[in-house]
Amino acid sequence: MRPSGRAPDQMRAISIEPNFTRHAEGSVLVSFGDTKVLCTASVEEKVPPFLRGKGQGWVTAEYGMLPRATHTRGSREAAKGKQSGRTQEIQRLIGRSLRAAVDLQKLGERQITLDCDVIQADGGTRTASISGAWVALRIAVDKLMAQGLIANDPITRKVAAVSCGIHDGTAVLDLDYDEDSTAGADGNFVLTDDNNIIEAQVTAEGECYDEEGLLRLLRLARIGCTDIFAAQDRATGR
Amino acid sequence: MRPSGRAPDQMRAISIEPNFTRHAEGSVLVSFGDTKVLCTASVEEKVPPFLRGKGQGWVTAEYGMLPRATHTRGSREAAKGKQSGRTQEIQRLIGRSLRAAVDLQKLGERQITLDCDVIQADGGTRTASISGAWVALRIAVDKLMAQGLIANDPITRKVAAVSCGIHDGTAVLDLDYDEDSTAGADGNFVLTDDNNIIEAQVTAEGECYDEEGLLRLLRLARIGCTDIFAAQDRATGR
Amino acid sequence: MRPSGRAPDQMRAISIEPNFTRHAEGSVLVSFGDTKVLCTASVEEKVPPFLRGKGQGWVTAEYGMLPRATHTRGSREAAKGKQSGRTQEIQRLIGRSLRAAVDLQKLGERQITLDCDVIQADGGTRTASISGAWVALRIAVDKLMAQGLIANDPITRKVAAVSCGIHDGTAVLDLDYDEDSTAGADGNFVLTDDNNIIEAQVTAEGECYDEEGLLRLLRLARIGCTDIFAAQDRATGR
Amino acid sequence: MRPSGRAPDQMRAISIEPNFTRHAEGSVLVSFGDTKVLCTASVEEKVPPFLRGKGQGWVTAEYGMLPRATHTRGSREAAKGKQSGRTQEIQRLIGRSLRAAVDLQKLGERQITLDCDVIQADGGTRTASISGAWVALRIAVDKLMAQGLIANDPITRKVAAVSCGIHDGTAVLDLDYDEDSTAGADGNFVLTDDNNIIEAQVTAEGECYDEEGLLRLLRLARIGCTDIFAAQDRATGR
Amino acid sequence: MRPSGRAPDQMRAISIEPNFTRHAEGSVLVSFGDTKVLCTASVEEKVPPFLRGKGQGWVTAEYGMLPRATHTRGSREAAKGKQSGRTQEIQRLIGRSLRAAVDLQKLGERQITLDCDVIQADGGTRTASISGAWVALRIAVDKLMAQGLIANDPITRKVAAVSCGIHDGTAVLDLDYDEDSTAGADGNFVLTDDNNIIEAQVTAEGECYDEEGLLRLLRLARIGCTDIFAAQDRATGR
Amino acid sequence: MRPSGRAPDQMRAISIEPNFTRHAEGSVLVSFGDTKVLCTASVEEKVPPFLRGKGQGWVTAEYGMLPRATHTRGSREAAKGKQSGRTQEIQRLIGRSLRAAVDLQKLGERQITLDCDVIQADGGTRTASISGAWVALRIAVDKLMAQGLIANDPITRKVAAVSCGIHDGTAVLDLDYDEDSTAGADGNFVLTDDNNIIEAQVTAEGECYDEEGLLRLLRLARIGCTDIFAAQDRATGR
C-alpha cells in the first residue's frame, strides 16, 4: 500500500491551468497533486552569443524553488549568491528536454526561456516543470504563429515527464515526497507522444536495480505520461 | 483622469487569500489589482547570532520577484549570483515595518521569516508585500499561540502599506505600473491601525514636492490603508 | 538635554573643504561634527548602456565606509565580496538625490560618478555625503563649463540633506551616533534651496510617530539645510 | 565504421595506474584511450554537519577539468568564481555512484573525498572518473583497514561506469570526443559487478530513442564494464 | 634628471600625522609626496581560528584604494565583488612585513588589523602603507601597554619600506607615478632600523638587471629608510 | 645537514617531460624532486581588450593546485568560488617572468596562456612552474614559427626560477616542503641565461637577513638555474 493510498500505476490529480499570469507570452500553473509549479515562456528577439547569425533559435530553462515551497524553509538561492547543483541539474534537464521537441531552425533567431518556479513542493517538481513548460511553450509559439512571426510550427512533438521509483520493493508511479524520500530507486522519464524517450534517468538510492526493474519503471512512466498528455490537451484546448 | 479610470483616492481591488500554500506556518496570496505577491511566514526555533541568549525573538523578511512577473523578463537574481540594491532595500523595509508591530520579547527566542515573492507585478509590490506579510505573520503567530508556545500575543498592532504619488500634477493613491513609471513623485507609507506612521518615504522623480504635497500623500495613504485593514480583517476572520 | 549639549534645532559644526584630493574633477572633505566623508566627482566621457545614443548624461553615486571609520572595526566589503544592503540603499539615495538637481540633457553624453567614502563616522554619514557630493559635483561641472565642454549649466538647484529624529520624546536635528543609536524615530530629508523636498524618509525605530511628528522633523530639517547651504556657498566661493 | 575504427562493442584501451601521486590515501591515473583522469581519495576524520554524531561516515566527490585538457582552452572555474552546472552534475553523479557501493556505518565517522581531475579529455570523463575513483577508494579503505581503523570492509561491491550512445544509427560503446559530439543519443551507465545498475541515464541529442534502444545501450554497457572490472582488479592486485 | 627634479637618492617629503581619525586604537595619515594613505590599527580580543588557544596573537593587514585615488577612476572592489590580485599581494606583504617586527607571544591572544586605505595615489602606495602602518601599530601597542593589557613591549624593531627602481638607466629612490610607470626595473624594500632586510623584491619591467643593480637599489633603499625612521620618530614623539 | 641529505648548493632531480598532454600547443610535466607541475601553453588568436589593435601580443599565466597535491587536502578554489591571494600572487609572478623573455611585437596579435597546475607539491611549485612554463612556451612558439604564423622568434632569452632560503642558519638551494616550512628566510629568483635577473624576492620568515645573506642566496640561485637551463635544453632538444 502506498502512503497516499494510490495504486502503483496511479498518477496524482494533474491540472494545468493556462494563462495563470498575464505578462508572459505563455504561462501555466501545473499541479501534480500538491506539487505546484508556475511555468512561464518568455520570448526574446535575440539568441545567445554562440548562435548569433546562424539563423536558428534557442530554447532554455531556469528553475527555482520558493524558500518555503518545502516542509521546512530552505535558504533563498539569490541571497546565498548561487544556484545549487540540484537546481542547475534540473534546469539543464528541462531545457534539454524541450529542445528535443523543437525545430530550432523553424523557430527563427529568437530565444524562448522557460521559467519554472516551484510554489509548493511535494515530490516530482522537475517532472511537473517539464510537463507544464511544454504547455507554456506551446501557448507562446501559438502566439508567435498567430502574429505571423513564425510560418511553420517549430514544435515537433508533445513532451511529458514523470517520476517512477521502487518503494518498499514495488515499482510505483509519480512519487510524492513521502515516497520519494524513502524510495530505493528513483527515476525520471521524459517521453514523447509518439512513444519515444527523450531522457531516462534512474538512480539507485540504497538499493540497486536490474534490467527488469528499469523496464518496469519505463512502462509505468508510459502510463503516467498518457494522463499528462491528456491534461496538456485540455489546457491547450486541442 | 487616471490611466485606469480610478478616482485619485481610489484603491485597486484588494484581496488577501489566506493559506495559499500548505507548508508555511502562515501564507497568503495578496493582490492589489494585477499585483500578486505570495507571502509566507516561516517559524524557526532559533535566532540570529547577535540575539542568542537574549530571551527575545526576531522578525525578518526576504523579497524576490519571479523573472517573468514583469512586462519583460528580468534576469533571475539566483542566476546572477546577487540580489539587486532594489531587492535589498525592499526586504529591509518589509522586515523593519513588521518588527515595528511585534513585541520581540513576547515572541520568545524564535525567528519568523516573511518571504514575499512577486508572482505578477503591476506597481506597488513592496506595499502589497508588507500588507500581505502582516496577515501571514498573524496566522503564524496564532498557530504558535494555539500550540501554547507563546503565552501573550506579541503582535501589537496592524500594519498596512500603500504607495501614493503625484501623477500629472494630481496626488493619487495606489499607483499601478503605468502611473508609477511616469509619476513626478512617488512615495510609500507604512501605517498602523492606531493612526500612526511606521515609515514614510517620498521621492521626487523629475519634479520636487513641498510640505503640502507630502501631507496630501500621507492623507491619501490613510484612506488606502483603511481599505487594506478591512481586507486583512476579512482574511483573518476577525 | 541632548548628549552633545546641543539645542534641539542645532546642527553640529559643518565644514566642506574643497579640492581635498587632486586627481578628481571635483573633491571635498565634508564634516558634520566628527562625521567626515571624502566626496569625489569623476567625469567620464561615456554613459551607461541604457542611455547610449540618447543625447543625455547620467549622474550616479557609490558609497563606502572604511573598515575602522566606526567605533568597532567592520569588515571590509571588498574582502567579503559584496556590498551590504545598507550600502546599496545609501548609494541609491545619493545618486537619486543629485540627479534631481541636474538637467541630464544639458550635461551631455557623459557620466559623473560621486564617490562618497566615510573616513570617520559619527551618525549622519548619508546626509553628509549628499551635502558634500553636491559641492564636488558643482566643482566638476564648473570645470567642464570652463573648458567649454558644457554650454549651459546643468545644475538646476542646490541640494542638502540632514537627519532628524525623535530622541527621548524630543524632535532633534542632525543626530550623532549616540542619539542615532537610541532614537525612537529617525529620518533623512533631502531638500532644495528653493524650499522643496527631494526625498523625505522617516522610520519608526521602536516607537511610531504621527503626522505632527513628521512635520516637526521636516521643519527642523529645513533649519539644518539652511546652515548646510551656507557652508556649500563658502566652499564654492559663491 | 566508427571514427576510431573500433567495433561497436569495443572499449578503448583502459589503464588504471595506482599510486600515481604520493600524498593521497588512494590515488590512480585512469585512462580510457586519450581520456586521462587523476583520481585521489582523501580521508578526513570528520563528517559533514548533517551527519555529526550519527555514527556513520560519508563519501563525496569533486570534479574538475584542467583548462587545457580539451581541444580548445576552457576558462578556469576557480578564476570565473563558480563551478559550471555540468561540473556540479558530474560530481554529484560520482559521489552518488560510489556511496551506492559503501556501507557508511562500517566506514565509521570519517569522510572520504574523491577528487577527479581531468588531465586530458577525449570523451567519457565522467565514466572514467567513476571507474578510477572506485580504485582510489579501494586503496584508501585498504589502508584504513591495515591500520586497524576500520574493522569490517565497508565496500560492498565493485562499481564501473561507461558511456554508450547511438552514433550514425548504431549503438556504440565508450564514445570518444568525435563520436560524443555527433551522437544522436548519449548515455552513461554505472554498473556493479553483481549485475545490477546504480545509475542509468540516456539523453536524446537530436534524435529520440525507444525501449529497444535503451536496452541495447544497457547491454553494451555491461560488456564495457566487464573490461573495466578486469582493469580495476589488475590495479588493486586482486 | 628625474621628472620631479629630485636627486637620484632623494626621497619625496614624508609626513606621518598621528591620530588622524579618532575611533581606531592607532591611526596615521602618511604622505610620501602626493601619495597619501590612511593607516589604522584595530585591536580585537580574539585571534583567527588557526591560533586559538595557542597563547599568541596575530597581526594582519588589509589594503584598499579609493576609486578616485588615481588619475582616472578605478572600479570599486566592493562593487565588483572581489579584491584584485594586486590588492591581495599588497596586503599580504604589509601583514608579513609587520609580523616580522612583532613578538606574537608577547602580544597575547589578540589580533591587530592594519587597514591601509589609499586616499590619493602617486606611486609607492605599498611602501607608504608599511611605513605608516608601523606607526599606527606602535600607537595601538602603546595604548595596550598603558592600559596594562600587555606587560612587555612586543614590538621588536622599527620597520620602514621604500621603492627604488632603474629609470632611464639610473637607479633612483622613491619613485612617483611618472617614474614608476616608465621604470625599467622596480623594487620594494622593507628594512629594519638595525640594518637588516625583511623583504626585498625587485622586478624587471622591460629590462633585466644584474647583481650590481640589485645592490645599488638596496643601498638607495637604506638611505630612504633612514629618512622614514626619522619621520616615524617625529610621529611617535620618541 | 639538510633533511634530504643534499648539499647546500644541490638541486633536487629535475626532469621536464615535453608533450605530456596532446591538445595544448605546448605542454610539459616538470618535476623538481617530488614537486610535479603540468604546464601547458595555449595559443589564442586574440588579445585582451587593452591591447586590441596595438599590433602586439600578450603572455599570461594561471596557476592552480589540485586539492590533494598537498599533504592534507586543501579546498578546491573553484568550489570556494575564488582564488586565494597566494594563487593570484603566484600566477602574476609567472606571467610577469615570462613576458620578460618575449618580444610582444614579434609575437603578433595573439595571446599565449600558460596554465601551471600542480599535480603534487613538495615545495618550490612556483619556481618549477616558471621553469616548466618557459619550455611549454618555447614548444608553442616553435609550432607557430613552423606554421609560418610568426616570422621572427619572439623569445629573447631562457628563463629559469629556483627558490633559496636560510635554513638552520645555512643558505640552501631549492627548498623542499620540510625546509620551506621551517626556513628563516625564503626567496625566489627568476634568472636569465645571459646572467641577468628578472625577479628577486626574499622574505624574512622569523629572522631577518642582511645584504650579505641576499647575495649568498642569489649566488646559489645562479647555480641552480644552470642545472635548470640544462634540463630545459634536454626537453627542447636544443
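Every chain is named by a letter (A, B, C, D, E and F) in the order it is written, and numbering of its residues begins at 1.
Here is the rule we go by: a residue touches a chain if its C-beta (ideal position, glycine included) is under 8 Å from a C-beta of that chain, and two chains touch if they have at least 3 such contacts.
It should be emphasised that the depicted structure is a prediction, and the values quoted were computed from it without experimental measurement.
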Third chains touching both chain D and chain A: none
Shared chain contacts [chain A and chain E, defined touch]: none
Longest centre-to-centre distance from chain C, chain (CA-based): D
Separation of mean Cα positions, chain E and chain D [Å, integer]: 50
Whole-Å separation of chain centres (CA-atom averages), chain A against chain B: 33
Mean-CA-position distance for chain C and chain B (Å): 28
Junction residues of chain F - those touching two or more other chains: 81-82
Sequence of chains encountered when the ring is traversed from chain E in the direction of chain F: E, F, D, A, B, C
Touching residues on chain F, where the partner in the complex is chain D: 21-24, 27, 34, 36, 38, 40, 42, 44, 62, 64, 66-73, 76-79, 81-83, 87, 113, 115, 117, 119-121
Residues of chain B touching chain C in the complex: 82, 84-86, 88-89, 91-92, 96, 100, 192, 194-204, 206, 208-211, 213-215, 218
